[in-house]
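Structure in structure tokens, see below.
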């Protein structure tokens, strides 16, 4: 089975600073990690390869430093790593991103049977790239998968969606996005990390390699534009009361009544 | 798709996601908001409903504010199916050309709408928490969370139509059911093909994740400021009387006042209850990240400068133990 | 296209930190309280090649360079000083000489099990009457046919309680005037090799430090490491790497103190504000952070030189000296910042305080490091 795992390198920090000019976050000096759900997708690929044999290719669209995430993925067990990088790719929304990744996958030889992605990233949170990539390739999709089984010529997968647990049979080739709970990624032996960084080979493809035009990709190829990036305004009322403990307790009771947690009629 | 002439596209559409109706109100909330946006633009609000034997939903959506309800009723549409729905809906969008198309950010919405947006080659924003119209360019300003809600982004889709967005539940308020309301009901002709590639084998209600701290509607949390394990025990009584659960901060766990499974914060659980009462906690960021999603926060602390008061809806400055004792006394009398 | 080495270093650091946070941090307090070595965690670490850090892949090791090695030791030590000590000594001082001086047959027999963590290693040098003065040891190895008979006692053997292979530093020509030393690899199961009761120590209590006794312990010639009489050279060869290892281990403890202190200072309120807003505390934290950063850079310098096969005895001595004293200082100030709570076992800072002290003593006391550095500064 030939599997492609799409990963994204994302910032690993609760403290974010904003670049107001480019309407994006400042990534300098910030540690980057493989998006946690993508790591779970990779783990799923490793499990499938163990059972079915085949090849795992890991792929990402990003700046040059995204290579770090690819090599980490190779250390975990991916056989091949492809970095889609080009100045033109920058500023892409999910529409443009799925175009680039879709074109890259179409170029792959052998052509994959299965694409795995994390359901969403911890930075943009959209969860769009998976379905849009499936549409770009005209493949069937199931999102938020929590179990994967391989049958004769199909996959049987489980998904929890809007309070229902659904089981689907999906024909090959297919795209699945994975949810938390599918697996717990293994720890990577240190020697494998050493090997991936010293000997691993990362393939790089740019605009020309993918036979794309500048207006199809990056900022130019995007339909949406971010016009403002900001911190949510503090929405708490922030009423602070001092006084005797009796007074405070009364305020507290009054609040509980106003929230309909206590009934008003029980006068003290 | 990319448009030269935005004025060809007119109308606000809402996708009628009726799964788990009556508990899931997001479509109704979107109808209310969509109605407001439509008035702003001087156009109709259309609700699009796909399914089998769905007439009742058409009635419901009419009663909740739709100007138009577009119904596609066919046995092949009985189960929600991404590719089938994308096929049907994209054809309708191409025919009718709405300028705005909204869907609730349900699990299905978040799986179906992106694929639809790609089919239509247009922009989509995810899980919006605010929608406004910029009248001059007839633009929908879509506000979405990023970085797990740490930041907000305002997004526009200037040159592509329709402008699509999925919307977070409970952001907007639905309109009251109005028996008298009327709407135009349309039954467009669309070709429906059965889905081959993804087949639903089984579907049953999801029973996992019932109960537990993360499910509690009311959470009472204690910090080191409570002073002792005995004082901390008061919270269990309080939780019992209010019908909630008990959480704790790390210093409390380290002191052995309660078990680790009650830990809230960066290294513990995150909760989003209706009400959170936090007593004797100073408000360290490692803790508050676990509670910031609560609807209402009441904080009790001796120190008027404690940072917890910055994120509370109601702050009480005083002796924690005494206030809690008085509260318990009062509650026991009532309940 | 040459990859920036910082990329690999960052990923290794992050990978080890994640493992340490998940597996070691929750176990560290109990390890200390019960003075118990965490066997299951050690097995998991063995599978991830923590016991073969610098050993080449051909011998089942991870093949890391020294810079990355130092990073691994630091991150493990930050979670647990006792475990950082275990792998540092096992790698730098026990496995290393087996690799450097072992014949191919010895590498196969001894090095591979060590790299896999199947056999944890020790280097038994110190004796009741021989600490800094290593040459005054009394353990003897007398020729017996084709082998040797070892007699003597060693103390404070790091990893002793769980070791599988032990490097014994002994005198091989006891009757003669000019002393000659040799190193022998002795299996823990070998007859005549006995482990004593675990030492009851102030800190590093999760490490099974114990004395060992050699009682007419007969070893075959195959267990002689290097040549007869090469023992002192072997012992000295481990110094540079050992210093970098212990320096990194001390750095990890220092970093743990810093992080705990920053956190505590921001959470603790007195006199109406966070103690982090008081100048005195800010001064403490600033000095602590600066010294720790300096220690990290000294270790980086020493390990970079080592990776380029350049002399680094002075640099490694400086790194060990500075990092160990920094750790002790960080623990002292850190505990002070924690106030009364710092004195309680409910917070980890008192364990860091107890763990840090020995870093100024073993692997060459601070006084010895100073002599080494001073001598390196002078003309012969």
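Just so it is clear, A, B and C label the chains in written order, and each chain counts residues from 1 on its own.
Definition applied: a residue touches a chain if its C-beta (ideal position, glycine included) is under 8 Å from a C-beta of that chain, and two chains touch if they have at least 3 such contacts.
If you're wondering where the values come from, they're calculated on a predicted model, not measured in any experiment.
Novice: Based on mean C-alpha positions, which chain is nearest the centroid of every protein C-alpha shown?
Specialist: A
Novice: Could you quickly compare A-B and A-C and let me know which has more C-beta contacts?
Specialist: A-B
Novice: Roughly how many whole angstrom separate the Cα centroids of chain B and chain C?
Specialist: So the centroids are 53 Å from each other.
Novice: Just curious, how far off is chain B from chain A if you go by their C-alpha centres, in Å?
Specialist: Once rounded, the distance between the two centres reads 20 Å.
Novice: When the C-alpha atoms of chain A and chain C are each averaged to a single point, how far apart are the two points in Å?
Specialist: Inter-chain centre distance comes to 40 Å.
Novice: If I count partner chains per residue in chain B, which residues reach a count of at least 2?
Specialist: Residues 304 of chain B each touch two or more of the other chains.
Novice: What part of chain A is in contact with chain B in the complex they form?
Specialist: By the definition above, chain A touches chain B via 14, 16, 18, 23, 25, 93-95, 98, 122-128, 130-132, 134-136, 140-144, 156, 160-171, 174, 222-232, 234, 236-246, 248-249, 251-253, 255-256, 259, 261-263, 266, 268.
Novice: Can you check the complex and tell me which residues of chain C touch chain B?
Specialist: 263, 266-267, 269, 272-273, 346-347
Novice: Which positions of chain C touch chain A when the two form their complex?
Specialist: So the residues of chain C in touch with chain A come to 3, 7-8, 10-12, 14-16, 18-19, 44, 47-50, 52-53, 57, 61-64, 68, 72.
Novice: Which part of chain A faces chain C closely enough to touch in the complex?
Specialist: Chain A reaches chain C through residues 31, 33, 65, 67-68, 71-72, 75, 187-191, 193-195, 197-198.
Novice: Touching chain C in the complex: which residues of chain B?
Specialist: Residue positions touching the partner: 251, 254-256, 282, 284, 286, 303-306.
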